[in-house]
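Here come two complexes built around chain A, the first alongside chain B, the second alongside chain C.
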Partner chain A sequence: MKGFRRHTIMVLSLSIILLLLWTYPISSAEKAPYKIGVNLGLTGPYAEVCKTLKMAMVMEVERINARGGVNGHPLELVIEDNGFDLGRAAANMTKFARDKEILVVVGPFEDNFQATTRAIAERDGIINIIFCPSNPMVRALKQRWSFNIAQSDILVSQKLVDLCLARGYKKVLVFPGNWPLAQSLAEYLKRFGEEKGIKVIISKETHKPGDIDMTPQLIKLKPTIEAEKVDALYASTGGPAGPIICKNMRTLGITIPVLGTHAFGFGFYIKLGGEAMEGVEFPAGKPVVPYQLDKDDTVRPMIIAFDQRMKARYKVGADQLSGHSYDVIWLLHNALERCKGKVTRAKLRDALENTKEFKGCTGVYNYSSTDHDGLSKKDLVFIRIQGQRFVRVKFPKFE
Partner chain B sequence: MVERIRREFRKRDLCYLGALLLLPLIWPDPHLHHLLVLAGIYAILALGLSLFLGYAGQISLGHAAFFGIGAYTTAILTTRYSVPTFVAFWASAATAAVIAYLIGRPILKLKGYFLALATLGFGEIFLVMVRESRSLTGGVSGIFGIPWFSLAGFSFDTYLKQYYLIWGVLLGLLLFAKNLVRSKVGRASLAVATSEDAASTVGIKVAQVKVGVFVVSAAFAGFAGSLFACVMSTASPEAFGLSLSILIVMMVIVGGMGNLYGPIVAAIFLTWLLDILGGYQEYSLPIYGVILILLLIFFPEGIGTRLGIRLMYLISYRGRKKKREEVQL
Partner chain C sequence: MTPWSLIPHLLTSGITIGAIYALVALGFVTIYRASQIINFAQGEFVMLGGIITFFFLRGGGIPYPLAALLAVILVIIIGLLLQVLVVYPLRKASVLIPLMATLGASIFLSNTSGLIFGTLPKVLPPFSGERPLEIGGIPIAPQSLWVLGATFLLLITLYILSHRMLLGKAMEASSTDPLGAELVGISRNLMVLVAFGVSAGVGALAGIFITPIFYTSYNSGTLLGLKGFVAAVLGGWGKNGGAVLGGFTLGIVESMSVAFIPSGYKDAVAFVILLLILYIRPKGILGSPFIDSRRW
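Our next item is the complex of A and B:
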């Protein structure tokens, strides 16, 4: 009897151990990964920008996986370079769409490729998350499977109008770049500005992203600035063109205030522009000034924590771009957690569309069937470059 | 008709044709179909440039502009004027051909580097015009929502259908190009490529031949551009820049100049290569560069030149190797 009992205990113990061994991998990261396709121009003119996006995504995915993944499923990034080529961006998209394990595709970053990848997303039924949807025609496409990250050109322009009103600017001259984001920012400023009684003059002089000297255009604009008694010049641009405009303006003796886009909120702007950047004001995302946000700001703790992780790993702080990457990964994490049963592309799309009050680096996301942008004007802050650093500026009626 | 086809295509060609017909059916992968659709479009473009570069011995670094003219013609006609895509397809080639004629008359008097610079300048002028003519071309934003190619109510709305459409067009244009290079014009262009002075002394109207080949080459690019716009459903300036012109020149050189199959082989190879290299992320460009350098070193005459002989050599090498192994045993 004693032997029988001992035998039973041993069998039961072995069964429990075997059961635990069998169930352990399922409850941890041994489950099939949730794959995320990433379609970025890691070579080509936007390579540096796209590398920042990639770095932050990799870091956050590793962090999630170290915590046991999403309901035990690790996340896996499948990254493809599109080389800033429309054909390759489309080919990557079809490659991801074909692989049924890939639930969602992030990117491309480039404006004009987005219409094609969105069309593929709609046709093949795969989620496409777009980083900077600035092309008004692309934005106008009401689509089921596409979601946007980052503030839209509409929000940025509305916030800039607030900045003009706060500063009392009545006349603004816009010097736009010749790419979709720069153009649409200029047009929206004119539209929203004129609704509030601000005269907005869009210059016919434009510039390209690679222009290294804007003096010829600014010489042509100088008589307009003087004749029209313009209150401020809005440099509707991004990349190195911003600091170059500021430097050239100061060299030509144009002293009117400069307004910038949210793309001015990167450290290299101050490094490139130096003294010429002093006094430039612009609306931007909260990651530009993480430590100057209000103590009760709901997104402050996560931006600060993210900034510290970025510094620890890559020796660079968080910025708006890496903030977008954070938002993509954690929005997906949040939506995946809410999916019940086996996660499919359709379930994930529905979960993503039902995202409410999700706190990301860029702001608080609220997606719905009619709004795939998610953010609001409240998610932007006013910034001034002062003493070679970004300083948050507050205006009582506007923020 | 059958006899004519038999004359045009040898047994080897028919094998290639059979393989192309069966490939998407044997391998029903939409991504592969999409890649072959892109490769087919690039092949049409490269085939046209091959006539100008390989047969007439002239250089063009502005062929992306003709490709863009084709794409924008289709985009404008279909989205603004609801013209059927089939009509827009022909209009695209005609527009590219007319513009090529108009600019070809003055610039083809230039030679060598000067011609390269003039065509490069044309490419840049095209981009500026597209960006600035906002009411017509949508400016920097481009035109979206271009419909699928359709013919008599049949819409080419899947990659498989697009594959057969594009490779069908390519086959037709290849047939035309084969006839052209064997014709009086083709022989004259070869003579012009060898020596313009010598060609003119035997009564060849050099300027006329050069313009003629340039126009045909641009029409090919127009066809390709029209198909590209329908496949991508968009036409925007970024897609028609200098990098595309260089890619197409590279396809002609890597494929083999003075050879009509070479650019097609190179278009397939480079499209596939770029797709494979995408996974190497930021290293894709250096690897691509090294592969191109190696190809140019080891295959200076092009990978598509003597393709049949190369294949035969590979097969026989494997056979010989097997035999050697058997003997050693």
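Our next item is the complex of A and C:
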């Protein structure tokens, strides 16, 4: 019993010493870190995608800290997993909002969580930077605390109309997913397309994100495609549904060209779809084709340098998502540098809103109090899948 | 264009997916016949078969047939472990408890697979090219024919196992009369173990055959498992023939329903059919040796 007590005391004192040693360097740092909350689905269906986002953010934060941080303050990521669960995403968001040291929350990545975290951001007054594009519903709310980092559905649809004009497609059939972003991409294509004289038919048949077989829906669409002499099918979707649609279409012998969304710009799409993906065209962010950008493109040096850093550290090149991670971290860096005096959430928000001509990987960001999407149509390029890789295509009158 | 003209196309698509439901249903029935346990991790065997093959093929650079064989063996081992570690310790508990345990095992298997092999969907190359064959003006993917062939081979194998071989009869005996079987020297635990091995093997094979058509991701086992269960009940719970018939019926009806109602309701159709069958004919299409409809 006596020996046990002595043992316990030793263990206790040792652990206290260890704890002290561990906290020592932090308390001795010159300036307190700027904390960034990260709320991502690191487990669940999008785990791999979210890990990429995390990896790129960690890399860029370490780079900033190695250079001495922002005005001497290091950046610190506080990472929480939401497990692709709305409840946990909301709980993480609330937790971050209550923690006065956290200035900004990055994430979620998923479209169906953004309405909730935006509401919490607005209620508790904390900046929320969201990876997925905004949708018409959340834009209508005119919220001041949330920012979107990806190209909005409006830009993508406008660029897609350009693609149809360049290719001379007169009639496009849309096969949309049943979630809000996929639906709004379809609606905007119809609106902008019809202004330019393109007939857009939105199919009543939709698909769910988890559908493993679209053959029945496509069989139902096949007569319409043949009767209406449709020039192209627009798969307004994301995730594995894209390659499944292409594969099922080709198996059914539907040979018309396929148009995709910017969600098609990921390597795993080509791996999943194989030959069926050949010839698919879509507008996407510039990080999809870092080395095929124009020599005088303003964001080309950023993307190439970032791509090489990613390859050196993680053995994977840059893609749209890691590009967004880069943009988030450097946008914050840029805004933090412009903050005068003690940085508060409100000051940082105003600084972010005043971001002008910021050159990131995805494009040139211009936020304002009315525009929280930042990008413009110039930040998209046309991509074609050819020879099992992404190839940039250019048209005379359209970039 | 009337909905009827779509029927031949929808039929071929329904037959393929029906074959898969049938294979999953066969796995359910095999275990139930031996042990009266409903193994809800059955869909997970299918998922693991596809994903482990992918892992060997892409990660290990092992040739396709060998990778598939290794995956089947590995999944059989997982099936045996499931019996030894989860079902065997609960052999004295009521039927409900092993059922819950297999449900837990299914969640465990799918999440572990997500952690080890990643959560993005995987696809295997088709066995014989992607170019669709034209049969009577209807394009059919060659892989669909492979799936059909495999289903019939497995069905025949299981039929021989359960009706022509001593092992199969012993398995059934230990299920219908555990005490009597023990008295004549049949080890019930061994029989249950064999049943888990067989159904894991069937599941893994199904996974390998379907991954070239339908992508397999770490969580795709759950829905397949449920549909397979519905198919097994639909056809006649506890009969191999019933499982196959139920599988094809479900696949075809599900696919055909698209011609008449919006495709968003496709998944619900399976469960509506199940309810209707249970109201009208609780024994399933072929009748079930385990369900006594007089009670209804």
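The working rule: the second predicted complex is superposed on the first by the 368 of 399 C-alpha atoms of A that agree within 3 Å, B and C clash if a C-alpha of one lies under 4 Å from a C-alpha of the other, contacts with A are read in each partner's own complex, and residues count from 1 in each chain.
Quick note on the criterion: contacts are C-beta pairs under 8 Å (C-beta built on N, C-alpha and C of every residue); 3 or more make two chains touch, one makes a residue touch a chain.
Since the structure is predicted, the reported quantities are computational estimates derived from the model, not experimental observations.
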Touched partner set for A:P216, first chain B, second chain C, both or neither: second
First, second, both or neither for A:I244, with chain B first and chain C second: second
Touching partner for A:E80 - first (chain B), second (chain C), both, neither: first
Touching partner for A:N178 - first (chain B), second (chain C), both, neither: both
Partner chain in contact with A:F131 - chain B first, chain C second, else both or neither: neither
Chain B versus chain C as contact partner of A:A47, first or second or both or neither: both
Contacts of A:K271 with chain B and chain C, given as first, second, both or neither: second
First (chain B), second (chain C), both or neither touched by A:F147: neither
Contact residues common to both interfaces of chain A (with chain B and with chain C): 43-44, 47, 178
Residue ranges of chain A in contact with chain C within the complex: 43-49, 178, 204-208, 210-213, 215-217, 219-220, 222-223, 227, 240, 243-244, 250-253, 268, 271-272, 274-276
Interfacial residue positions of chain A with respect to chain B in the complex: 42-44, 47, 51, 54, 79-88, 90-92, 94-95, 97-98, 110-113, 115-116, 119, 124, 135-138, 141, 178-180, 183-184
List of chain C residues in touch with chain A within their complex: 1, 5-6, 9-10, 13-14, 17, 111, 114-115, 118-121, 123, 125, 130, 132, 134, 139-141, 213-215, 217-220, 223, 255, 258-259, 262-264, 266-267
Of chain B, residues touching chain A in the complex: 29-31, 34-35, 38, 42, 131, 138-142, 144-145, 159, 232-234, 236-239, 243, 271, 274-275, 277-282, 284-285
